[in-house]
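See below for the structure under consideration.
Chain nomenclature is as follows: A, B, C and D, assigned in order of appearance, with residue numbering initiated at 1 for each chain independently.
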Amino acid sequence: MSGAVEVAQTTAELAARTRRFVRDVVVPAEPPAGSALDPATRLDLQRRAREAGVFAPHVPVELGGLGLPLADWSPVFQEAGYSPIGPAVLNCMAPDEGNMLLLERIATPEQRERYLAPLAAGDVRSCFAMTEPHPGAGSDPGALATLAHRIDGGWLLEGEKRFISGADEAAFAIVMARTPELGDDAATMLLVPMDAAGVEIGHAIRTLETAITGGHPHVRFSRVRVADEDVLGTPGQAFRHAQARLGPARLTHCMRWLGLARRAQDTALDRVRTRELFGSPLGDLGIAQGLLADSEIDIATSAAVVDWAARTLTDDARAGATASSVAKVHVSEAVGRVIDRAVQLCGGDGVTLELPLLAFLNEVRPFRVYDGSSETHRWAIARRAVARRRAEVGAGEAVLDRAEGAR
Amino acid sequence: MSGAVEVAQTTAELAARTRRFVRDVVVPAEPPAGSALDPATRLDLQRRAREAGVFAPHVPVELGGLGLPLADWSPVFQEAGYSPIGPAVLNCMAPDEGNMLLLERIATPEQRERYLAPLAAGDVRSCFAMTEPHPGAGSDPGALATLAHRIDGGWLLEGEKRFISGADEAAFAIVMARTPELGDDAATMLLVPMDAAGVEIGHAIRTLETAITGGHPHVRFSRVRVADEDVLGTPGQAFRHAQARLGPARLTHCMRWLGLARRAQDTALDRVRTRELFGSPLGDLGIAQGLLADSEIDIATSAAVVDWAARTLTDDARAGATASSVAKVHVSEAVGRVIDRAVQLCGGDGVTLELPLLAFLNEVRPFRVYDGSSETHRWAIARRAVARRRAEVGAGEAVLDRAEGAR
Amino acid sequence: MSGAVEVAQTTAELAARTRRFVRDVVVPAEPPAGSALDPATRLDLQRRAREAGVFAPHVPVELGGLGLPLADWSPVFQEAGYSPIGPAVLNCMAPDEGNMLLLERIATPEQRERYLAPLAAGDVRSCFAMTEPHPGAGSDPGALATLAHRIDGGWLLEGEKRFISGADEAAFAIVMARTPELGDDAATMLLVPMDAAGVEIGHAIRTLETAITGGHPHVRFSRVRVADEDVLGTPGQAFRHAQARLGPARLTHCMRWLGLARRAQDTALDRVRTRELFGSPLGDLGIAQGLLADSEIDIATSAAVVDWAARTLTDDARAGATASSVAKVHVSEAVGRVIDRAVQLCGGDGVTLELPLLAFLNEVRPFRVYDGSSETHRWAIARRAVARRRAEVGAGEAVLDRAEGAR
Amino acid sequence: MSGAVEVAQTTAELAARTRRFVRDVVVPAEPPAGSALDPATRLDLQRRAREAGVFAPHVPVELGGLGLPLADWSPVFQEAGYSPIGPAVLNCMAPDEGNMLLLERIATPEQRERYLAPLAAGDVRSCFAMTEPHPGAGSDPGALATLAHRIDGGWLLEGEKRFISGADEAAFAIVMARTPELGDDAATMLLVPMDAAGVEIGHAIRTLETAITGGHPHVRFSRVRVADEDVLGTPGQAFRHAQARLGPARLTHCMRWLGLARRAQDTALDRVRTRELFGSPLGDLGIAQGLLADSEIDIATSAAVVDWAARTLTDDARAGATASSVAKVHVSEAVGRVIDRAVQLCGGDGVTLELPLLAFLNEVRPFRVYDGSSETHRWAIARRAVARRRAEVGAGEAVLDRAEGAR
C-alpha cells in the first residue's frame, strides 16, 4: 500500500506546488485578455517552472518530467489550467501533451530521441494533422482524404489538412494519411518535419482562442517524401492509435478547462463578496446565490466524472472510451456554463475585456466542437447504451417495457 | 493493500449478488404501479433476501448485517433501488436506514438492544419525527416548536409533528424536541414507542409516493413521559446529531433513487431497441438518442458525485456536509430528468400506469424537497463558496475581479 | 372597425365573466386533489354556467353557445382552465370540444342535429377513436390498422383502439378507419354510437389525470355496421379532416393548461407572500424570485405564442399547422415547468396532495405526449424549417454558410 | 378600419423592402467577421438606404423618416438586424435610435432642430451617458454620482461616466446628472456637445462587439457648463424620462438581435441542408433536428412576446414596463441560444471566424447585461408578480395555498 500512499502524497503535494506556482508566478505574467502568450515569455516561464519543480508533470521521469500516472493528472492539470497560459508554461498543453502521450506509447527508440525528447523538454512544439477540409476527415474521421502511396523506402504524402492547431510554431507534425496499399480502410501515422520539402502552411483560420498558440491554419502536403523510419506506430493502424490518443486528450482538455472554470468562479466570488447592490452584498442576493451554487455543482460533478473516467480509462480502454465521451460532453458544457455565469455576475466588466472572463468564454467555446462535438458524442453514447442493454437482455435480463395492457 | 482489495471484491460481489436478487426475485414481486408493498409480502421477501445473503448490507455484522462501510454503499444501494420496493426488502430504506446509522453511532448499549437490534433485523420499523406544521420546524429546522420539559427522571414531551414518514407502521419514533432547560437553542433527541401514552396519529397526508410505506401523517405528542434512558445521544445536541444523520441519509436517498433512474433508463432502452417509428428503430432516431445520451450523462455524473461525496464524508464530516449538499441537489434533479425522459420515450405507456415510469416520477419528485430543498441547499452551497473564497483571499490569494480600467 | 371593437369588448367581457364564475363557483366545487368530477356535479355546474352566460364559449350561437371566433378563444379558455374542472363545466374540454369543432365544419345537417346539437348542449359526451395498440396508429398515424370494408349501404368496421379518452361516458365515437376500397392510403371518419352492436370497451388504462373524465380505455369494434349517412366528411379524407381538428385542438389544450399554470403560479405567489423563512418573506428571497420570474416569463411567452398561432391558424391553415406545433411544444413544456416550480415553492405541501399542485403536475405531464409528442413535433418543425430555407435559396437568396477559407 | 389596413400593408411592404435591401445590399457589404463598419462605408450605405426607401423607419416623416408606429417596428427592425450592420445603415441602431425616440418625445423645438434633426438624418451620432464607474450608477441607477450644480443660467456638470457606447463618434451626449438643488433624489437630463469645454474621453473599454460603433469609453465631465436651454425634458425628472426611453430601447434591441438570430438560424439551415455526415444530410439527423427545432421555437416565442410587449407598451406605459422586462429576459437569452446552436451545427467553421457566427455570439452576449441584467429584471418581474397577486387577494380573490391538513 505504501506505493499508493506515496503517489497520493506526491500528487497532493504536486498539486499544491503547482497551485502556488500558477497563482504566484503565472497569473501575474498573463498577457492582456484576448492576447496570446509570446514565445519568449513562454520560454522564460517554462524555465521558472522547471526550477519550481512543476514542469511537465505528465512526462516520464527519464524524459525530464514528473512521472505522474494518468489517474492522478486531474488535480495537477486543473491547477495548471487556472491560468489560460498555465498549461503551456508547464508544457502540458494541447496538442503537444497528447502527442507526447502518443509518442511515449508507440514511438521507436529513435523516434523517441528525435521527436519526443525535445518536445517533452519544451525545446520544440508539434502539431497533429488529422482534420481536413470538407468533405475530408472532420466530424467523420473515416472520410480521410489525404493519401500516402508506397514508394521505395517510404511513402509519398499528398493532401490538405485544416485547423492544424499549433502548426505555425511546430517543428514536426503527426500526419494521418490513408495508405490504400495497406488495405481499403487502412491509414497510417507519419512523422513529418514542418521544414520538409513540400510542406506548406496555407489559409490562417482566425479564432478568438489564444491558449493554444501557433495558429490553426490549413497545411498542404505536396509530394512530401516520408522515410519508413518516420512511420509512427503500426502501419495501417492510424485510426486505432488516434483513438488511443483521443481518449486521454479529451480528458486532459476537461481537466485544464475545469481549472479555468474554477478561476472564473473565484473571480465571480471575489466580485459578489465585495460589490453591493441595493444595499446588500451581491453574494447575499438569492439570484446571485443560485448562479454561484449551480457553478459549484457544475464544478464538483465535472471533477468527479473526470476522476471516474480517468480511473476507468486506466483500467479498461474500451469502457474508458465511453467514459471519456460522457465526461467530455458534461465538462465541455459545464465549464461553458460556469464561465458564462461568472460573466453575468460581473456585469459590465464581465461582458467586456475589462476582466478576462469574456476571453475565457471564447477560449472554452470551441471545446464543445473539437475532439468530437457534443452531438457526435451523444450519438455514440446512446448507441453504446442501446448495445449494452441489448447484451443484457440477450444474457437473460427481463425486458422491462411490457405495458400492463399488453401482458 | 490486501484489506482494500478484499473490500473492493466484497463490494463488487455483493453488488452483483444484490443485482441478481433484485432483478430475479424483487422486480417480479412488485405490486402494480402506484401501489405500496404490503407488509406480508415484505416480510416474505426479506426472508428470501436473508437467505440470498443480501439483507441489510449497511448493518454491522454483529447485528445481522453485511458490514459494508459507507464509502462502499453506493453500488449496492443502487442495485437495491432498481426496484422501488428493493430497499424495503433489503431493509435499507428510509427512514429506518438513517435511524439505524444514528442509533449505531450514538445509542447506549441498552438502546442498541431494545431499539436498534429489532430494527436492523427487520422485525420492527421506525420513524424520525422532526418536521412540524408551519411555523415550526420545516425548511428552517431552527424553528422547532415541540417542547420537552424536565420532569423527575425524564422529560415531558408536548408538540405536533408532520410528514412523519412511516409512522403508521413504526414501533418507535426518534423525536426532536426543544429542551429549554438545557439552553436557549438546545434540542434533544428522544426515543418514544409509538404505543406510549399520549402518542396519537393525526391527519394523514396523502401522497403519490409508495416506496416509503407507513404513511406520512401528523403525529401528536400530548404529555408523553420519556425516561432519561430513552434520551438518544447527548442531551441538548439534537441538531448536531440530526446533521450527522442527514449527511449520509441524503446520500443514501441519492443512491437508491439513482438505481431507480437506471431502471427507468433500461426501460426506455428496451422500448427504443424494439419499437419502430417511420420505419426505423426508435433508438436510431437522433432526437431519441439525444434523450438517451443526456440520461447516460446524468446517471454517470450522479454516480461519480455520490462516490466523491461518500469518500469526502468518510474523511471529513464538515467538507462532507457540503459535498452531500452538492450531490443531493445534482442527483435529486438528475434522477427526475432521467425518469422524465424515459416517460417521454415510452409515449402513451409512459404517461399512464401501463408502465411504472409515471409512478417512479412521482416517487422521486418529493426528493427535491425533503432532506433540504434544492433551494435551501443552493443557498447553503453559495454561502460556503463565498466563505471559502473569503478565507483564501484572507490567506493571501490575489483578488481576481480587478477590472482593467480600475487598475 | 366597429365589428372588431365589439368582438374585442365581448371577448374581454366574456373573459372577465368567466374569470368570476370559475373563481367564485367552480374552484370551491372542485373535488379533492387527484379525484375526478362526478357527472352529477358536472351537470349542476353546467346549469349554473349557462345561467351565468359563460357556457360553451366556442360553440356557435345557433347551437346555444357564445359564438366566439377561434382567434379570441385564448383568454376565455385560460380562465376556464384556471380550475382543472372548469373546461368540463363550460363544455369546452377535450375531446368533446375538438369533436364539436370538427362536426361544426364537416357534419351534414342531419349529423349536426343528431350528434353535434346534444354534444354542444352538454347533454351527451363523445370520444375520438384514432390511437391504436402498437404497431397501429400511435406516434405515426399512418400506421392505422383499423379497417372498414365496403358493404351494401355502408361500411363494416373492425379493429381495436386504445387510449380512447372519455369512452366510458361517451354517447358516440368518431372513428378513424382505413378504407382500402377508396385507395391504398385512404382512411375515413365514421360516426359510431357507443351502444352499437359490436362496440366493446376493453382494458382500462389507468392514469393519474382526472380532468378528462370517462377513462382512457381500449375500445374494440367487432364487425360494427356503419351506415353511409354516418360517414363524417369526405370518404377517404380522414387524415386531412384529422389534421384540421388537431391544429385547433392542440391550441385549446395549450390555452386550458396555461390557465392551470396561472393557477399554480398564483398558488405559489400566495405561499411566498405570506410564508417566512430565516426571518424574511419567502418572496423576498432571491432563489424564490428566480423561480417566480421564470414562471412569469413562461406564462407570458406561452400566451403570446398561442395568440400568434391562433391568428396564423385563422389566416392560413398550412402556416397554422407549423405555428400550432411550435406553440404546442413550447406551452406543453412551459406549463410543466411553471407547475413544477410552484410545487417546489410550496415545499412539503407541494409534493403531497395537501395542495392540488402535484395533481396539476400529473394532469399536464401527458400533454407532452398526446396530440403529437414534443419529439415528433420537433422533428416536423425542423423539417419544415429546412424546407422553408431550401425554398428561399431556390428563389435566389444567397447561401450563408460559405466559410472564409472556402471562398 | 382602412387606416389600420393601410398601416398593415405599409408595414408588410416596408418589411419586405427592407428585407431585400439588407440581403441584397447590406449583407454583401459587411466587413470581415469581428470587424466594425467604417464610417465612410456607413455613409455610403445610408445613402443607398435612403434611395431604396428604407432609411430611418422609426423616424417621423417630417424629420425624413418613414413614420412607422412603435407597435409595427418589430418586423422591420428584425429585417434590419439580419445584418449586424443593418441597423446602423438604416439609422435605427442603439444608442442613436433610443435617443431619437427620447428627443422626439421631450425635446423643445429648438433642441429638436439642433440635436434631433441631424441625428435623424444620419448626419451626426450621439451617446447616452448614464452608467458610471462603481459605486455610481450601474445595476442600480439610483446610485447616480455625477452632479450638476445650479449656476447662473444653467448647470455646472461634474462627474465620470463609463461604458458610454458610441462616444468616440458622437456629436453630443444626453447626460444623466444628480441635481441636488431640485430635490434629494432629483436628477436631470442635460444635452452636452462632445466638443464642449471639459468633456474628455477616457479609458477605452475593449469589447468583442462591433455593431455599436464609436467605442464604449469612459467619459469625464469636468466643470462643464450647460445652459438652461440644453436641459432635456423636465428638470429633476431624469429617471422618469430614462424609464420612458428604456422600455422601447430594450424592445428595439430585442427586435434587432432577433433578426441576427434568424440570420444565424438560416446559416445553420444552409449548412445542414447541404453537409453530409455518415452518409445522411446533417439536417436529417435527429440531434441536429432537435437543435434546429429548439431555435425555431425560440425565434417564434421571441417574436410573439416582443409583439405583445410592443402592443402593451403602446396601450399602457406601466404594464408595458413589465412586459418589456419579460420580453427582454426571454429574447436576450433566446437569441444567445439560437446563435450558440448555429455555432454548434457549423462545427469548426462555427467556432472560428470562418463564419461570422462566433462574432454574432459575442455581439449578443452583452445584451443579457445591458439595459438591465437578466437577474435585475427577474428580481423586478418577481416583485411585480407578488404585488399583482397581493392586490388580487386584497380585492377579494380567495387565497389558494391552504393545505388540506390546515383547513
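Everything below uses one rule, namely that a residue touches a chain if its C-beta (ideal position, glycine included) is under 8 Å from a C-beta of that chain, and two chains touch if they have at least 3 such contacts.
Just so we're clear, the structure is a prediction, and the values are computed from it rather than from any experiment.
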Comparison of B-D and B-C by number of C-beta pairs in contact, larger one: B-C
Chain of greatest Cα-centre distance to subunit C: A
Chain centre separation (subunit B, subunit D; CA means) in Å: 50
Separation of subunit C from subunit D, taking each centre as the mean of its C-alpha atoms, in whole Å: 38
Where subunit B and subunit C are represented by their mean Cα positions, the distance between them in whole Å: 39
Per-residue multi-chain contacts in subunit B, two or more chains: 33, 134, 162, 205-206, 285-290, 353-354, 378-379, 404-406
Residues of subunit A defined as touching subunit D within the complex: 33-34, 131, 134-135, 138-140, 162-163, 205-208, 216, 275-278, 285, 287-288, 291, 343-344, 347-348, 350-354, 358, 361-362, 365-366, 368-370, 373-375, 378-379
Complex contact set, residues of subunit A against subunit C: 133-134, 162, 203, 205-206, 218, 285-290, 404-406
Partner subunit B, residues of subunit A touching it in the complex: 1, 4, 23, 27-28, 32-33, 263, 265-274, 283, 286, 288-290, 292-294, 296-297, 300-301, 303-305, 307-308, 323, 326-327, 329-330, 346, 349, 353-355, 377-379, 381-383, 385-386, 388-390, 392-393, 397-406
